[in-house]
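Both of the next two complexes hold subunit A, though its partner changes from subunit B to subunit C.
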Partner chain A sequence: MTAATAPAAPRPAPTGRSARRGAAAAALGSGRLLRLELRRNAMLWLLPVVFALFWYNGYREIMALPPMWNLRAMSLQNRLLFDLAVPVTAAAAWMGSREGRRGIADLVAGTARPRWSRQLAGWAATTAWAEAGCLACVAVVYLMTARQASWGGPPWWPAVVSAAGVPMLTAIGFAAGAWFPGRFVTPLATVVVFFGLAFGTQAASGDHSYWQISPLTAGAVDIGAAPGVATFYRYLPDLSIAQVMFTAGLTVAVLGALGISAARMRWLAVVITAVGLTAAGTAVALAGTGRFDPHGMIVIPALHNAASDQPVRYTPACSHTPIPVCVHPAFATFLPAMTAAVGPELTEFAGLPGAPARISQVTAVYRQVSGNGITVSGGGTSAAAFVVPDQVPGWLGTTGGEFAAQLDEGMGIQLASDMILGGDGQQSASGPGQAQLAVIAGSVRFPSSVESRDLAPLYGRLLPQPGIPADRAARRFAALSPAARHAWLAGHLGCGARCTGTGTTTARSRCR
Partner chain B sequence: MNVEITDLTRRFGRNLAVAGVSLETGPGVFGLLGPNGAGKTTLLRMMATVIPPSSGRLRLLGRDPGAYGPRREVRRRLGYLPQNLGYYPGFTVAEFVEYFALLKEMPAAQVPAAVATAVERVDLGGRARTKLRTLSGGMLRRVGIAQAIVNEPELLLLDEPTAGLDPEQRVHFRALLRDLGQRATVVVSTHLVEDVGAACSQVALMDQGKIVFHGTPAELTARGTERGTGDAPLERGYTAVLAAARS
Partner chain C sequence: MYGHWDDYGALQMPLIFEAACAAIIAVAAGSPFGEPERATGRWLPYLRLGTAVTLTGLAAGALAAAGTGLPLAGGFPDILRNVAGLTGIGLLCATVLGAPLAWTGPLTYLVAGMYGLYTDWHPPALGTPWLWPARPPHDVGGALCAAAVFAAGLAAITLRGARERRGGDGPG
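Showing the complex of A and B:
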């Protein structure tokens, strides 16, 4: 140790400097402290764990979804914060308990910087790394989706909610560590936060549920990320705003509570805590006023902007089939699958009297029923308008075969029945005849994956009951060549009226 | 006077750790001696503004640390090395010292030079970038001293600073103490009477929460000529005063 050469470290002038210079010096000091905390922060070392967890648990499933912005972004909100919860809370609790665990409390207690300020520096560094990890995950998903999506741009609100949830996790973890500085606080805080988040997603019931405030909830609880949601209409930010308000409020409240023990700043800390709690409570109350929008999102009246209800303009993508099928460009990637599924019907009915000039996708109409139940219905009743099923290939494991079967059950039968029975108001009051049902059934090419039970609701209404003569007639009609069926349909539909015969042995019913 | 203590007490529940201590000292090295449990550490913690006194009057550097503003001013001018030095094992020597320089609210622009100087003064310049987890106990003690002196304190409180230092380092440290004592008030709590003899201009001996002796090392040595026991003259003075206080 050297006794000589005492350093010339001039002490700052206690008074007389301008307030601005003092503030700048304080900011510089805080900046250096933050830089030091950033360099030696546990969260930095846990970033690989964050990325591994997200890749394993979230990324693979998100990227398996169809490349639609709404699906990917909303699923990202469902998953990202959940994947971050364990490493981020653990790192924050570890950092928060650092002074107590390391027996350094006496040493830092005798320093000039207030404890609250010191703790906020540690929390901010932890949050900065965690936020960097969160945003990196968002960036990867969004960049990949940008390369794959056929239409539109990223909805930012799901990413904002996830990003706003990160400071909440770090604040809870850090405060737990600071208040209970023991070796067990890290696993305990982590478990509590993890199960708290999980419970929040399970407890919601219906569009008025307060639990929608969970930052993991994107859109309506039951459908969440569905292809038809936020496609024809804008992504409604109402619930997202409430969620950000909640997470920010909770963050502020917890950080404020950290400062309550400091005698000098107690009043300020109490005010900050109260403001945070008020914001969080208000957000929960707002979530409870939500109602399910027909377009599939949650509307919160107090936060709703009516301008968001305007449909989004788009140029449809159309197939080059005898009867063009036109879909929203976000669904363009499914167009080949659609035309493959209903192509035979399109070819068969093209050019026939009453055939639509084109078939256009229309928006689905969603409706909340009891509990979390939601019904999805089509926007029209004619073959010219159809709703693409939410179960598109890749969505929740839906296969191409299942998608084709749904199209045939919906769009194919709609087209055939419209051609055979006529459009709105043209069906007889007594319902379709057996011959008509036979022709409809013989015209639609159901894939082999369609089972009888899938079609049961249509028996007697649009399809003949299995085993009856009309069913056998349908099979015989289906066995004809496409050209023969087309000629038959042209001959019978060309007489100016729809086939309404009641024959039970043949599809060649009489025309009136 | 940099330290003015009048009838200071501190209770922990029913235990009276410091029982009416009065003390005044200015620049120089002040030794605080006493057996285990005498109240030295508690007195130092009060002087370091870590814990408030239960009663009595404490003025440090001409300020009342009971009020927030003056306490913050005192802390900016204070260096403190606790008996048990906690540390962050992932920090390097320089980072740890820099951390405390910033917590003491040193002007940020002066921090790098002050850190380098403090680390050099405890002979750890070559290990400035070494992680604390790799250092020996004696080196960690020197890191603790470096963080205490990084802000060129006007009041330096050292609790058992030489514990764990090898003889050569203790000699160096005493020289450092004498140097620091020329400009600041240095209060050293220790069991090692030879440290007091070598570096302190004033010494107080505590027992059972009270000051039982206050004077120079020479005066303490003189007390040991009659009934003290020990190998060194100062030790004999120490034991003699304690025996007298307890009789």
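Showing the complex of A and C:
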């Protein structure tokens, strides 16, 4: 009997102890492989590039935003993955192409570990370094914001989406490198991923767009990070959940597809790929069912938790002005700017009949119109309620002057017209008289940045037409001190809608 | 360019293709032959110079041809400036890091350039001419910077060639 024909010795059935020992040895071996990959990984060398890009592109712009959690966290989601895309995808493609690039595929094919297992170790190491870089960037932004924010805590979902996007980038890059090893695959794969990520959001249109699934999209496409979003109401995680589902599904699908070429585990790889694709496809479909809610966020009915619709409790921050102005504490930073902008009006109208006891900020109401168009309204018809414009100082380059101009055009006009014309339902059907227009125009202090074209819609309705006698009277009234205007109004405002004027001088305005 | 891109896309998308071309040219600067090629004679530097210039010209021409008949923002001067500058960065990277890793420079600069274009809409705009993609196509400062980087890259690749690492082609 030769060795070739000799029956093989029966392999002893593994006992529980030996099976555990085998599993432990396999885990130890995987740990060693991962440690080796971590030490030899290109992503480690690209971390400085990650930090430099993030500092240059993202961090400076995020930190220039007002210190509000919603603004900074949502901007972080929009920026971080964009800055990570190039170095992370490139490092992953570089690592994935290693065996082919160095011509050692046949050499390592003879090792004990299957190719898929080795590749997963390489991908995991690349992802670990990339994730470390990602989380470091998140930590810096969140720590700085925690020191500056006047209210609230960090919304974690934007950070989770960013962190979940990293394995997707590394999986795509790694797979591209593994499938097409060559010197050009790294730049080409990187450019393709960068292109897809950068321009994936541009195709989004409206709240039903499937393209909202892009992990760079934080909130509604045409609003994104706005001060009024996720302030009075919680940050809705619906879209974030779908995005995490999409990125995780795509990651699993790509990693599964890597193993399809391995004969021993083909079916397992196919099943994993199918599961991943199903998850990613479901997430895309869910994103398409989104609808824009009045609070400025995307609601996905299948993922929505109705408890998130409850308004957030808060204690307003109020100014110490003759008429207190009270805002949501997240906006407390802007309170000095607000009182400076409308301070003269507050002094002028304080204590007069019909003056509000205080003016409180209310939430804006957002509404989706055609395409990506969104209207922002709110504040009601009373001077006691107002909406802080989304264009707060520091938001997309908005200056303090522009913010003050918006406040005067909104809150200032509302307060003055409410006082002079009598508020809800008390205005005469024939519209305001010339004297009333003169007093309104003389009471509101528009900054020099406000131009006639900004005020044109108000002419004739709440402001006198330029050049007419009422306009000249308004200029003379505006020249008075707030105290003098207050005294004049105290003597004349009781006339309410019966006030009129001769059109020559404000002083001649009289009660009939 | 055939899609319905908004104002960002109109300017930013060409830059992506320009960076891709520059990265390919930079990676192609390396030679697989190594020592035998260097031993062949004194014409090698001219060959490297000619290859780099030819590929850069071809890339700019191909991109311009691809945009023919389309509202290409910046036009040919923009393409030429960006491709030349990005290629210069890539050639410098090839000299310092080696050709296999030469893509790092153009692709990293791509992200910075995209941000520069973004700031054109969202002030304060970045005014440095070293970020030439964000400058208007006929801006002299931006063109000079791009030309200087291209010249430096050409000089480096001509005189020294792409770096060859003894222990492999880089980390990983």
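Here are some notes:
The rule we apply is simple: the second predicted complex is superposed on the first by the 476 of 512 C-alpha atoms of A that agree within 3 Å, B and C clash if a C-alpha of one lies under 4 Å from a C-alpha of the other, contacts with A are read in each partner's own complex, and residues count from 1 in each chain.
One rule holds for everything that comes next: contacts are C-beta pairs under 8 Å (C-beta built on N, C-alpha and C of every residue); 3 or more make two chains touch, one makes a residue touch a chain.
Note that the coordinates shown come from a computational prediction; the quantities given were computed from them, not determined experimentally.
After overlaying the two complexes on the shared chain, residue contacts for A:Leu44 are found with subunit C alone; subunit B is out of touch. Contacts of A:Arg32 after superposition: subunit B is touched, whereas subunit C is not reached.
In the superposition on chain A, A:Arg264 makes contact with subunit B only, not with subunit C. Of the two partner chains placed by superposition, only subunit C is touched by A:Pro187; subunit B is not.
By the touch criterion defined above, A:Leu107 lies against subunit B but remains apart from subunit C after alignment on the C-alpha atoms of chain A.
Touch criterion not met for A:Ala306: it reaches neither subunit B nor subunit C. Of the two partner chains placed by superposition, only subunit B is touched by A:Arg118; subunit C is not.
Of the two partner chains placed by the overlay, only subunit C lies in contact with A:Ala90; subunit B stays clear of it. Shared contact residues of subunit A, touching subunit B in one structure and subunit C in the other: 40, 98, 102.
For subunit A in complex with subunit B, the touching residues are 1-7, 9-12, 14, 25-26, 28-29, 31-33, 36, 39-40, 98-99, 102-113, 118, 263-264. Listed in rising order, the residues of subunit C touching subunit A in the complex are 3, 5-6, 8-9, 12-13, 16, 19-20, 23-24, 27-28, 30, 99-100, 103-104, 106-108, 110-112, 114-115, 122-124, 168-172.
Residues 45, 48-50, 68, 72-73, 75-78, 80, 82, 84-91, 95, 98-100, 102-111, 113-114, 117-118, 120-123, 142, 145, 147, 151-152, 169, 172-173, 175-176, 178-180, 183 of subunit B are the ones touching subunit A in the complex. Chain contact summary for the complex, subunit A toward subunit C: residues 40-42, 44-46, 49, 53, 56-57, 82-83, 85-87, 90-91, 94-95, 98, 101-102, 183-184, 186-188, 190-191, 194-195, 198-199, 202-203, 396-397.
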